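Questions regarding the structure given below will be posed in turn.
Lettered A, B, C, D, E, F, G, H, I and J in written order, each chain numbered from 1.
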Amino acid sequence: MLFKVDMTVNIPLGFPAAEIEEIKLREKNYSQQLQREGKWRHIWRVAGLYANVSIFDVKDAEELHQILMALPLYPFMQIRVEALCRHPSSIREDDR
Amino acid sequence: MLFKVDMTVNIPLGFPAAEIEEIKLREKNYSQQLQREGKWRHIWRVAGLYANVSIFDVKDAEELHQILMALPLYPFMQIRVEALCRHPSSIREDDR
Amino acid sequence: MLFKVDMTVNIPLGFPAAEIEEIKLREKNYSQQLQREGKWRHIWRVAGLYANVSIFDVKDAEELHQILMALPLYPFMQIRVEALCRHPSSIREDDR
Amino acid sequence: MLFKVDMTVNIPLGFPAAEIEEIKLREKNYSQQLQREGKWRHIWRVAGLYANVSIFDVKDAEELHQILMALPLYPFMQIRVEALCRHPSSIREDDR
Amino acid sequence: MLFKVDMTVNIPLGFPAAEIEEIKLREKNYSQQLQREGKWRHIWRVAGLYANVSIFDVKDAEELHQILMALPLYPFMQIRVEALCRHPSSIREDDR
Amino acid sequence: MLFKVDMTVNIPLGFPAAEIEEIKLREKNYSQQLQREGKWRHIWRVAGLYANVSIFDVKDAEELHQILMALPLYPFMQIRVEALCRHPSSIREDDR
Amino acid sequence: MLFKVDMTVNIPLGFPAAEIEEIKLREKNYSQQLQREGKWRHIWRVAGLYANVSIFDVKDAEELHQILMALPLYPFMQIRVEALCRHPSSIREDDR
Amino acid sequence: MLFKVDMTVNIPLGFPAAEIEEIKLREKNYSQQLQREGKWRHIWRVAGLYANVSIFDVKDAEELHQILMALPLYPFMQIRVEALCRHPSSIREDDR
Amino acid sequence: MLFKVDMTVNIPLGFPAAEIEEIKLREKNYSQQLQREGKWRHIWRVAGLYANVSIFDVKDAEELHQILMALPLYPFMQIRVEALCRHPSSIREDDR
Amino acid sequence: MLFKVDMTVNIPLGFPAAEIEEIKLREKNYSQQLQREGKWRHIWRVAGLYANVSIFDVKDAEELHQILMALPLYPFMQIRVEALCRHPSSIREDDR
């Protein structure tokens, strides 16, 4: 099942730089691991913002929930979730 | 350049069915032509709504504008545009 | 998979009464058929409003989409969809 | 009487982990006690969010108020309440 | 049980004056009947608006729903409902 | 003159409990004094929230302002004010 | 008593020009009459909009309500009302 | 040129009382000086709120900006600016 | 004086095409005349929308108001106005 | 490619003055360098607010993103981005 997830990151002013760099590194590794597994299909940066638009391909809402709650940056994020379907006008059977 | 476009379609109650079917057919053909050209990279249906999330890959904002203004369903749509960048955590050079 | 769907119905002033009664009757039959099949688990009226809160139990977002698009009252509705998971504090394995 | 309650939990960054774990444990016990008493009919997790959708079955608004104010996580919550009625299309006399 | 109900009335431009006067008269009679029965405890005009703030005292949400749906002006109204409790600082046992 | 005032109270996490209890006690005494004087006609709790709906009966906006600014909980409150009139459908000359 | 009233006028496309001109003329006469009586203290145009900011000086909310409901353009207006007080920093006793 | 400025003041809980009193005193002196110069034409308190509605009469937007940025309470304020014109229905040439 | 004006155009479905083309032509001529006079400094299309961002350089708010009210498309527009100043970081004395 | 960027700056109360002055100075130098390079075409102050409206002329969304993320004041800013096109009514080929 496909979900679009909008993530906006908000680091408080004065948060220790070393700590946030370490969290971002874990976030990147975690994201790339899920991308390689095909569960995090797409991730794009929103121009000018510390935010991304992502497409997840998971078994169900439960798997999506577990993946998102384990994001190292989750405590800093605002999240919006929308369930997606294949579009009848799409020319691909399984749009990746 | 990549753009995310959210399109929500709103057909007024009582709009002639034959006319709207003809417009939808032209919309589908137009969309599929642009998908084959690689300009309309992705189109997903938002579950439960007459709405889609689309990713466009165009030369610039001008080309995006011309494509959207020519959508047969454009007069019935509410549109939201966001410019996207490659995300530094993406594992693909050119995320399609 | 579970989804919460908020539906708000808006009948335009002056819409023919006989026609809307016929649509409402089809809506009721359609809803009760889906309730008997276990796909429309719950439907509650929001006090004071022509609106309901519903819980659907479907295979995936695609099945939800097909069910909602076929609602006889769909052209009169405003819809909001949220994907749900089992809650870790729930005392039931499969909360119905 | 039935009420739908949307609860969103917001733990401030840096709140002591041990303290919040202890509060969450009390929250879980409290919720499960009320579920066993039939007062907290349903609780579902909203996918991707630290939030739930709950259905309460209480004597009146006063009982609902006392239950919610005693939630161990209440000081961390944003709450939205809607009074519900049986829906005329429901196939159950007392939808639980 | 007490409910606060905010009602805003919106008569479309050009709606036949005789018809709306007849509806308003029925609304007034209906409201005054419910006031005499003690179910519609208070009704105040919001200064400058075609809107009121009302307090209802009913058995439950179902009774409130039936009362509101039968308002002659209901098809012209926007409605907001909030369930109320006795306030612990109130000096009256049953604030009317 | 009548005013409806919506008050929502927000106590920051970690605010000293003894201090807030003392402020709430002063708030209660202050409110009850004004109720006895007939200036604070009604106060109802909004179910599930640390919020109230109040009706004030004061000489003018200046008196309302002085009363509200002196609320012991004022620095913790979000306030919304609406001026009210007698409603032409009310069955009471002076709705208290 | 002073009230600030924001009025935004919305004439539907295609509304008969002669009719609206006649209404505007009555509006102007009505407004100027109230200005001469000192009840409509100020009226300013909001730059670029068919909207005004007005200050009324009336006996109470009831008088304000009667004045506004009798505005010839009232059925075309969106209205927002705020009760005002003398400001403690004002250098005038009765700011006109 | 006339501008309407809405100012809402927000003093954080626990801000040193002596310091804020000193700032408020400077604010009052500053405001009264500008009133005497005719640049700050009107200032009214919004009933029940720590907020005001003000009318400025300045040479241009630049002068307005300099005046507002120098408000002693500016760092505590939320500001909304609207440019005003003389209203064609006003009975005064230069509405003060 | 500089103003930023956001204009969004909304042509109702079914509005006669010939009539709207004639209005758009007059709009274009009017806009270009004002651009040549230096009063309408900039006009940019917002990508994907029937909307523009414009910068006006006028004597005062009154002149801006007269210019905007005379736009042939004004009855179809939603307008937002913000007064601008020279920015202290700008490298141009008179940013055109 | 042109982008409009709205930037609103928010310096927390009590942030060290020397530190913020140093950041503002770097911001000014950075902005003026980009203006001289022709990438930051326009910057205007919004009257009364610590905010600006800017027009950027960059190769693509990626370049815009890099420029904005490097703004010394970025951690204090709220940002809104809109992609722009040449307007068909503009009298300039390349509106600067």
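Please note the rule applied: contacts are C-beta pairs under 8 Å (C-beta built on N, C-alpha and C of every residue); 3 or more make two chains touch, one makes a residue touch a chain.
If you want to know which protein each chain is, UniProt gives these names: A, B, C, D, E, F, G, H, I, J = Muconolactone Delta-isomerase.
These figures come from a predicted structure and were not determined experimentally.
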item	value
Subunit E and subunit A - chains in contact with each	C, D
Selected interface, H-J versus A-C, where C-beta contact pairs are more numerous	A-C
Averaged-CA centre spacing for the pair subunit I and subunit E, given as whole angstrom	45
Distance between chain centroids, defined by C-alpha means - subunit A, subunit B (Å)	22
Centroid distance [mean C-alpha coordinates] between subunit J and subunit E, Å	51
Per-residue overlap in subunit D, given as positions that touch at least 2 other chains	2-3, 45, 47-48, 61-62, 64-65, 81-86
Touch-based graph of the chains, sorted into line, ring, star, complete or other	other
Inter-chain touch pairs (all)	A-B, A-C, A-D, A-J, B-C, B-I, B-J, C-D, C-E, D-E, D-F, E-F, E-G, F-G, F-H, G-H, G-I, H-I, H-J, I-J
Residues of subunit C defined as touching subunit E within the complex	11, 13, 45, 47-50
Complex contacts: residues of subunit G adjacent to subunit H	2, 4, 27-28, 31-32, 35-36, 42-48, 52-53, 55, 82-91, 95
Of subunit H, residues touching subunit I in the complex	1-3, 60-62, 64-65, 81-86
Interfacial residue positions of subunit C with respect to subunit B in the complex	3, 5, 12, 15, 61-62, 64-65, 68-69, 75-76, 79, 81
